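In the two assemblies presented below, chain A is common to both, partnered first by chain B and then by chain C.
Then we have the complex of A and B:
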């Protein structure tokens, strides 16, 4: 069984997860698809992915909430990185209770955000323990009853009570709150406020943002308050890094006993360069990892079809093959 | 034997007060010589956009036509399709610049702003995908569909990233970021499903409840103390949005004298400088119009910011232009004696509004018999042509005095609106009268006013209140409408010397009657009054319609006459522009040789604007747009994989070269006005029809085939008509550039279709580019 044309000497598809985020928690085999093109801004806390797909430096703060900031545009591996962090956390502290919340303009205040978070957490807990989930519900109801009408509800107090419920009912299960602050319509303070709200409640808080400046803003605020924070930027990838990635992937999927002419075969150097070729008058090209893989997968599919009509054609993809495939995607 | 009644005096042709309102009913515009200097600046701005944005100051007294000029400039800017400019206008009614800002933004709906945001995002998205060969085909789709949805769905582009980048760009355009940050954020919220409308309201300076802390406080007020500074920064950020979207923006501020307080001329000057500079930096053209008295005290350091370092004078009609203006309002053989026109011009100082007001008074003085007018009449008319508002105030003052003298109670129960002021006068006996003081600026306004008075009468009738009305008309007044109003009221035309006695007479007549009994009037009276009112309203409606038509006709006549008057100037300008177009075609040719697509685009855009502005050659416009299509295909060539790109490249280059030659011919030998005219086509068609019909008839007569005379005639007629129709349609088609240059168009289409058609892998089947290609059957 081989992938694509037999002449490609590939055992299986080198890019099976081009359109979805990698998730080693559900399939640890996906660790091998990770490639370190991330920019680790706090290497003392978290840094680098090794050849096995594991994070080399992963220092969780004991006690206070550890905050991870992940920045980058769509398709650059933000979600894959978040899943890798969850995987590393599970390896060290047990399977985490994960609550994800998308920050939006409609739910701006901490009360709305906090109560939504508790409801989602209760759902996550119920999958593990009905009793603990019920306790959370009754804590929530009591908290509501104890809040006098017209008084600003104390969401921090509620979260502290819920945390105690979990510590007692599910000891050792780390609480992870992940905020998606990608929506451009929310203000730049929103992510910061959301993270502040879960300080002391969550073991790990993750904030995903699009623009590095926003992550930098939160990081500087947190650093000045002595809060443990680590920022990782997921940039668009450049040709040199992608070439290394291809060498790794092609090598991993190479058919046993095959002797390819070069490491990225069937992709020629020119084919890879064409993938990153700038338009006339433009500077160096950077593509999201997802887009680069999709374009490459498209080129492979194109070549496979072209070879079906012209069997004498060389199996190697050259620049022209890639160019032609661009026009058809 | 009947005695013939004297013919009624013709209605006054001139408005008592000529007012131009921005955005008012679109009428014809007369291009007067003073307008061309500013127009040239506008066209240059649009041609060279976004390289240089001028600020223009217009100076002219009240009534010189500043608003008229601004309206015309706005129209010119939007007429030039190749430029795609947007215009925002505000009249500054108060020293608070925030009001002007609100007024400016009210020119843009939320949808308008969303379109600009969309254009800005589209440009950013396009530039991103076009920068890489891998995504150029996505750029082509964006370009063709005007949408980035497919690129978003494919994750080629990140909508949040584009929005946030746009926000950062807008913030970065202003030195002071406090306001620009908020404006940029609000702009980003415009497309929000729930808060988009509130964001627009906030942006328009109207408040708006937004949940985010940044926009909780309104744009004006709150912590912001200096409203003018906020306005400048807010406008700068909005102008920056237009620049990012590549849309020229014309910002027009009228009556700037209103925001120059005498005690803070320096402060106002500083704001004007900032407006000119900061909006100019964002490639927006600013036009400010004010009176000479407003500009005069401003410090000298203001002027380097404005075009030509001075204010352009507005108005100052020449004697010839004054003659044109007056002539446009006259009917048939009516005309002013040239000496009288000269005198009117002298007395008015060439101020269009005053010219018309003097003419109005002069008409009144001579009852429309213009030949009778003397110099003294005109001088007297100039004196009488004062402010209508002053006269209306005087009428009210006299009314109050009379009420006091006669011990009548007087109060103002309601405001009749912009033109009418209503008073109730009551005698000690309880008898009441209603006095309506109404200002009519012109014939149309008088008709509207009569409609309003009829409305009052109808209301009083419905309420069972049989009070009598005295209608005092100030300004324009005609016998026709007066006689109609007499049916439902006593009417008095305000004349300062006789008004008091006429008013006393009218009030005495009403007050002498016993007070009207309360309760509903008798049904018979009711229906009688109803019928009278209905007749009157119908008559007023007809008068209004006729007067509106007359007003439009006057505008058209003025525009036509002005065009004829400035035709030599037009011809010179057209000739000069044609020369520029020819030179521009040389530049285009050089750009083609150098193979710089962007330069070709730029040169062509400039040529198209020039053509639209001054030459209006349809052929040139059509060919220019074809050239743009050819450039698009050239762009496609670098993206699409084709088997023989060299040949296609040569074809498209050759086609562009030929297009330049055809465009040159179109400029040198345009189709003549004669062949363009419908009557010419009609004459040719009729000529052809007659000849064909005659030939057919002759054939019928002189050939042995039998045909009855009547049938032969009918057949000849039908054939003649068919020939006429055919010839007319053919000439009509021939006039159309799409028909004449159809060959070139088809060639472009053929080249476009040929791109990608020879791809060996192009055949039905699963789309390539799928993320995970399926393994081949051999492999399995």
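Then we have the complex of A and C:
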């Protein structure tokens, strides 16, 4: 069954994940949707995505917590990249126990953050082993009882105990703690404090931030303390890179035996340029990859509807088609 | 040489001989006339210590009889006389004398003489009331009154001096008060900074370490913004005197890390080691 108009010569939808993050852990077929436009800052530890969507360099540190820093604006593929790292981790070290926490201004102290983390971890463990989850709960209760009233609770101590529980109950399961600092108002130190808290507890810690300088700061701090760290920046995409992405996507979804007039067909060069057309007086336009894909997916849907009413219309999307679809989006 | 403009409108000074002692008996004798165009000569006051400029005035002297006269001035300081038929001689020349001997042939042919008014009269508070005097061999005397003195102050100048007289004390007082206030404010800000340095040593040390991390970081687009956040978080920015704070904010905004480091070292010498060891990348 073909996708869209038969004249497009596409076997299936080239943009099936236009509005959600890729997750190869749940569907390894999504690996083929990855495109390497990322800026790899520590190529000795983690770098480059190959044509099959696999990370070419993936060096985990043995022993201390390996920290991944992912930075970039919203819609630039940070979550997809995080999921790819989890996939690679699962391939190499076994299925990880993943705990995700969203960093917010309201829960900035380590006590709140740490206890929430333990609760989430207990949920994740319970899906694998009721007994280990119960052990975690009792460890947590004991820790609370042992903390004298009025004394600052030692969250590091709690996390060390929980880690021992997991090592004994679920040996070999890597613990991954992921912090997401999406709020722009969160300072550079919030993510740093959260990462510091899980050092020695998590096998892998991931911090996702919108401001690249925050990632740079954390990386600089960790490097100065000889902690293994890798930073990947997810920038907005430029027209030339997006063309390459489209060529790959269209090529992958092309119907067998088809002979398209050009690699991005049915998207004409003008249609793609229209997407990145700068406003008057402004410089080159860069878009988040999510927005660029959503716009083109919308343009394809618009064209398909238009051709249903005018069958004689050319199947190729030109600049006018894209502009009209934008006006309707 | 620059010439002074007439200070007043044209006037006529006329003196008739004889001198008071002979006025009754000699009334019928031909008169000696001294005429000039001015009765008052105004002298310009030099600006800001410049030289006083003398002023030349020409007048005519005639007589109905043949007479030999001695012409001089009275009450006009060291004013000098010279022949003025060809106009005023050079004011600093040698032609000038305290008195002139003039022979008139009695045909009412006028002789033109020049008077160089003593420039020192520009310094007097009031007009000097003098005379040009002509005395013949018999002691008969003719004279023309002439007043000389400084230019009267203009109304604008008067207004200005009044204004200055009123405003100056206010200005001086205001400046002194403002200076005192600023000094006090600076002192209190400095005291606050000293106390901050003393009491918040740990915060300062942490901030300096964090700044060092920023300076060493790679691919940082806006290190100034990061440093600003750090300074703000640790209360350092607030502790700085207002002018220093403004400077620091400007440096942060412009990402001038070298200037930031320099200012930090100056304000917090305890950071010297951290910030020297790292050194700015940019």
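In this section, the second predicted complex is superposed on the first by the 329 of 329 C-alpha atoms of A that agree within 3 Å, B and C clash if a C-alpha of one lies under 4 Å from a C-alpha of the other, contacts with A are read in each partner's own complex, and residues count from 1 in each chain.
The definition used in the following text is that a contact is a pair of C-beta atoms (placed from the backbone, for glycine too) under 8 Å apart; a residue touches a chain by one contact, two chains touch by 3 or more.
In this text the structure is predicted, and so the values were computed from the model without any measurement.
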{"item": "Chain A as common anchor, with chain B and chain C clashing or fitting", "value": "clash"}
{"item": "Partner chain in contact with A:3 - chain B first, chain C second, else both or neither", "value": "first"}
{"item": "Partner chain in contact with A:227 - chain B first, chain C second, else both or neither", "value": "neither"}
{"item": "First (chain B), second (chain C), both or neither touched by A:78", "value": "neither"}
{"item": "Partner chain in contact with A:274 - chain B first, chain C second, else both or neither", "value": "first"}
{"item": "Greater chain A contact set [chain C / chain B]", "value": "B"}
{"item": "Touched partner set for A:217, first chain B, second chain C, both or neither", "value": "second"}
{"item": "First, second, both or neither for A:324, with chain B first and chain C second", "value": "first"}
{"item": "Partner chain(s) touched by A:13 [first = chain B, second = chain C, both, neither]", "value": "first"}
{"item": "Partner chain in contact with A:113 - chain B first, chain C second, else both or neither", "value": "neither"}
{"item": "Partner chain in contact with A:41 - chain B first, chain C second, else both or neither", "value": "second"}
{"item": "Touching both chain C and chain B, counted on chain A across the two superposed complexes", "value": "187, 189, 213"}
{"item": "Chain C-touching residues of chain A, taken from the complex the two chains share", "value": "41, 187-189, 212-213, 216-217, 219-221, 224, 231, 233"}
{"item": "Contact set on chain B toward chain A in their complex", "value": "130-137, 154-156, 158-161, 163-165, 167-168, 185, 188-189, 192, 194-195, 211-214, 638-641, 756, 759-762, 765-773, 775-776, 778-780"}
{"item": "Touch list for chain A against partner chain B, complex", "value": "1-6, 13, 15-16, 18-19, 73-75, 105-106, 108-109, 182-187, 189-190, 210-211, 213-214, 274-280, 282-283, 285, 287-288, 290-295, 297-298, 300-302, 304-306, 308-310, 320, 323-329"}
{"item": "Contact set on chain C toward chain A in their complex", "value": "210, 213-214, 216-223, 225-226, 229-230, 233"}
